[in-house]
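Labels for the chains are A, B, C and D, by order of writing; each one numbers its residues from 1.
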Amino acid sequence: MADIAFIGLGNMGAPMAENLIKAGHRLSVYDLNPQAVERLSGAGATPAASATDAVGSAQVVISMLPAGPHVRDCYLGKGNVMAATPAGALLMDCSTIDAATARAVATAAGERGLMMLDAPVSGGVNGAINGTLTFMVGGSGEALEQGRPYFEIMGKNIFHAGEAGAGQVAKMCNNMLLGILMTGTSEALNLGVAQGLDPAVLSDIMKQSSGGNWALNVYNPYPGVMDTAPASKGYQGGFGVDLMTKDLGLAMQAAVATRTATPLGSLARSLYQAHSLQGSGGLDFSSIIRFLQGEDDQ
Amino acid sequence: MADIAFIGLGNMGAPMAENLIKAGHRLSVYDLNPQAVERLSGAGATPAASATDAVGSAQVVISMLPAGPHVRDCYLGKGNVMAATPAGALLMDCSTIDAATARAVATAAGERGLMMLDAPVSGGVNGAINGTLTFMVGGSGEALEQGRPYFEIMGKNIFHAGEAGAGQVAKMCNNMLLGILMTGTSEALNLGVAQGLDPAVLSDIMKQSSGGNWALNVYNPYPGVMDTAPASKGYQGGFGVDLMTKDLGLAMQAAVATRTATPLGSLARSLYQAHSLQGSGGLDFSSIIRFLQGEDDQ
Amino acid sequence: MADIAFIGLGNMGAPMAENLIKAGHRLSVYDLNPQAVERLSGAGATPAASATDAVGSAQVVISMLPAGPHVRDCYLGKGNVMAATPAGALLMDCSTIDAATARAVATAAGERGLMMLDAPVSGGVNGAINGTLTFMVGGSGEALEQGRPYFEIMGKNIFHAGEAGAGQVAKMCNNMLLGILMTGTSEALNLGVAQGLDPAVLSDIMKQSSGGNWALNVYNPYPGVMDTAPASKGYQGGFGVDLMTKDLGLAMQAAVATRTATPLGSLARSLYQAHSLQGSGGLDFSSIIRFLQGEDDQ
Amino acid sequence: MADIAFIGLGNMGAPMAENLIKAGHRLSVYDLNPQAVERLSGAGATPAASATDAVGSAQVVISMLPAGPHVRDCYLGKGNVMAATPAGALLMDCSTIDAATARAVATAAGERGLMMLDAPVSGGVNGAINGTLTFMVGGSGEALEQGRPYFEIMGKNIFHAGEAGAGQVAKMCNNMLLGILMTGTSEALNLGVAQGLDPAVLSDIMKQSSGGNWALNVYNPYPGVMDTAPASKGYQGGFGVDLMTKDLGLAMQAAVATRTATPLGSLARSLYQAHSLQGSGGLDFSSIIRFLQGEDDQ
């Protein structure tokens, strides 16, 4: 059993940490929010007064933070985690951030002789609770093998995307594509329904044809077609419009920086951004179909 | 064994007709191009001097024509097929056309007491040769059951999309979505490669994640990732840019007519149109990735 | 003074007809709505019981109808205007319709030996009332010269766009560009304000720089920048979102038919369409800025 | 007469510096490229061995550099200009950069007690040579008044956009709008020509109608319509595709950071980016019409 420091106990981080505890590991936990620390403490973790405090005797450090600046602050700034981490420990940042920050932090880790992985996840809150997350991992193959036992407790699929930062790049590309195919699937369903087709019949046809994609398989945006999808529950839960907008923004910044043409990805960002501004930032991202149907005002 | 009239013996129609002959049916065939008629004649069909002539004693009439005006002409105009078809015959139009024309022809068939199906296909020339096409069928359930034995010779999946015209609507929606997801997949792969990822690794990750779609599964647009895909064969063969542009145009006309918002679908049409104008109309539609990479001039 | 038949007495047609009456012409008027006929009758026109009746002794026939099918019906269908018009009369259709219908009607006129102009207008209801409309005219130069005295009563600028249908094409192109520049101007103003700029100052700078355009000159979409603009009056009056959406739809149909790539025009159509579906169809078209700001739900 | 340090002597900076010399000012000049320094030396400037050297006794410091990192380096990094500038001197950065860098440098200047203006220009190389540039200025009104005499030598229009960074914001918004209206104007002209209109006639109509904009007035993208425009000279000279792509990229970064929906601006960036990748980065930006026409491969 390992000593694990877990930093960042939000909607995703808390259940991930709990799964590690259930698997028998000793966790030292920290979050800016004292109530979050207290809850994990009740689940068997040792509360820490600061990030520095949490990592003091850790063999593994796992972080799950909101954005790039938080990760930079945690490891290199006020949090001072990089300096406080014992030699030989493995650093695993599971936050979704820009690749440049991921690379900068990994470089700093290397300079201190520590191995670091960027390992953003997909699968949402349910995946975190059920231990079925997907990890897209950047860093050395050696570090990945060292981290594998912990990834396998928290998730189901572990992909090695490449060197440092590659996990972030893979997630950004995947989520840009996800934003595009959810919007495109919504357009296709709306266009069929407007011409008299049953959305369930059309979904079934496209799912088995060349329009087939993840949204049609497990996350149909049309209300009533798929009982378990957020679309059939008032677009509550799931992956929020604001999170999708943030991920599409990361993709746009990368597209500008690398001089890549991303017409559909850019457009998806603006559509999600307008949808969010119209008051739907907290709904599931499949609600983009409502934006297109004109129901954002209802 | 049935007497079948087959009208339209192009790249798709010819192998479809041959499969019916191989299954033992008696075919009377017609095409504007005498050489096409001659070739089918060599394969065992009876050549007809005109569409009217072909349908004279048919139990089933199958047509596979380039666009709406040809279908209208064939059945209601000069071709005069509707008037010349014997009572009780089943009409099956497999052309990809606008739903309005499909409905108009089906209505005229109904007025003459004939049952008619619109049954556009997907699966390309290979699907036609191998008898593995997908049919998206509009019309009554009774007509569909009557046509099923013939569909099953020419194809593998037979979907009942709804009443007359619904087959065309389903195909239009599917192909609009296909144009979007091929372009979006291209953008995601380009964005990853520009940041140092291996396109095969990134494809593998997205295929198993929420970006998963038909293009990643069987038709990867990045050269070298999938040996059997057109991308690995200089974008030769497959489904052409000009055909995708035509299908996206049909979708745009329907979107305007039904007051549907289709931002990504509309954009995909303009991108494919520009790609075609740049001289790539004859390439496989997955070559849109080259348009985005700036290689249209090479 | 001429005998003029005026068909179509809506928001635009009625004031156009009144200006002709004020200039001393004898008008015979018809509209499907009897109250509209009655109002013009009160202004000095002779009411007609049908379009055929109206044109019986006309030297000039002017029509102002909602869409292509109405124009076709009026001249070639039930309205029977083409047959009922005396030899030598000039036909002027001021409706905004698709160019194909305009050309079809003009061809029919030519076959009857009548000269016909397509002459869609811009300038809105105020332009119609004040006699300051712009006419974009398609047809022969001879016909245009014959119609000029009447155009000059109803409008200020008369452009000869080309042969039959060219007036419609010119208007379609202009209005597509207008939809683009109004949306683009809205984006630029929003982007500046989000970064702390005063919208009036930014408008003033762009107006005198390379971003200068008609919207900044006379129709600023940002509330409060221009007192006389619809933006400062709750987006009431002016040129409606639904009319802009219709015009963008005509442009899309032409783009598909002529294989033209129109990425921004197509996108503008979908944005205006979604804006309309969100309940803003009756607002002035400069309200697209609110759609982008997320205020469609307020 | 003032002592002016001028840093950055490229295509724009060199003629701006020459105009200041012609007006009688004493210039000390620096550029990374020794030949550029030598040329200005021949025109009467005092060559400096470094930026620090150049500003040693300056009353005014003017910089014209390629991008944000260069400006940061010049003033705050290796260039060390901020520390080396005498008390009381006015700093004027005329580079086109992101507003955040402009604000950071201005803040550093304020901490040293120096006044600083961000003053990006429009008007191109010809404007720089002829002293007819437009300056969009951010900073205090007092600093602007102090800088006015120098702006008036180099340019014709001087706009006060707001506080520090506002000049950059105004230019970014203007140029995003410019990219949109140039592309939109190209689409409208192509759509008209495809339907038989003369591009010159259509341009003339739209210029005087609601589609009127700067491109139609002075920079028509259609070859042959306007003799003096780059379009009539093989798209040589003018404002390059790569520069427009860069400016649109700055706008996208700001849109992501401020959560602004910019669908047309984002799309314009991707179109210009693809156009550049297709080998047209060095052509004038009005050549986007060729990209849409499919002539990028010719």
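Here, a contact is a pair of C-beta atoms (placed from the backbone, for glycine too) under 8 Å apart; a residue touches a chain by one contact, two chains touch by 3 or more.
This one's a predicted model, so the numbers in the text were calculated from it and none came from an experiment.
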Superposing the C-alpha atoms of subunit B on subunit C takes a rotation of how many degrees, nearest 5? 180
Chain pair with the higher count of C-beta pairs in contact (A-D, B-D): A-D
Subunit A and subunit D have mean C-alpha positions lying a whole-number Å distance apart equal to 39
How many angstrom lie between the centres of subunit B and subunit D, each centre taken as the mean Cα position? 50
Residues of subunit B that contact two or more other chains, please. 255, 259-263, 267, 271, 274, 276-277, 292-294
So in the complex, which bits of subunit B are touching subunit A? 99, 122, 134, 136, 157, 159-163, 165-166, 169-170, 172-178, 180-181, 183-185, 187-192, 194-198, 201-202, 204-206, 208-214, 217, 219, 251, 254-255, 258-265, 267-268, 271, 292-294
Subunit B residues within the subunit D interface of the complex: 263, 267, 274, 276-279, 291-297
Help me check something: in the complex, which residues belonging to subunit A touch subunit D? 245, 249, 252-253, 255-256, 259-263, 266-267, 269-271, 273-274, 276-277
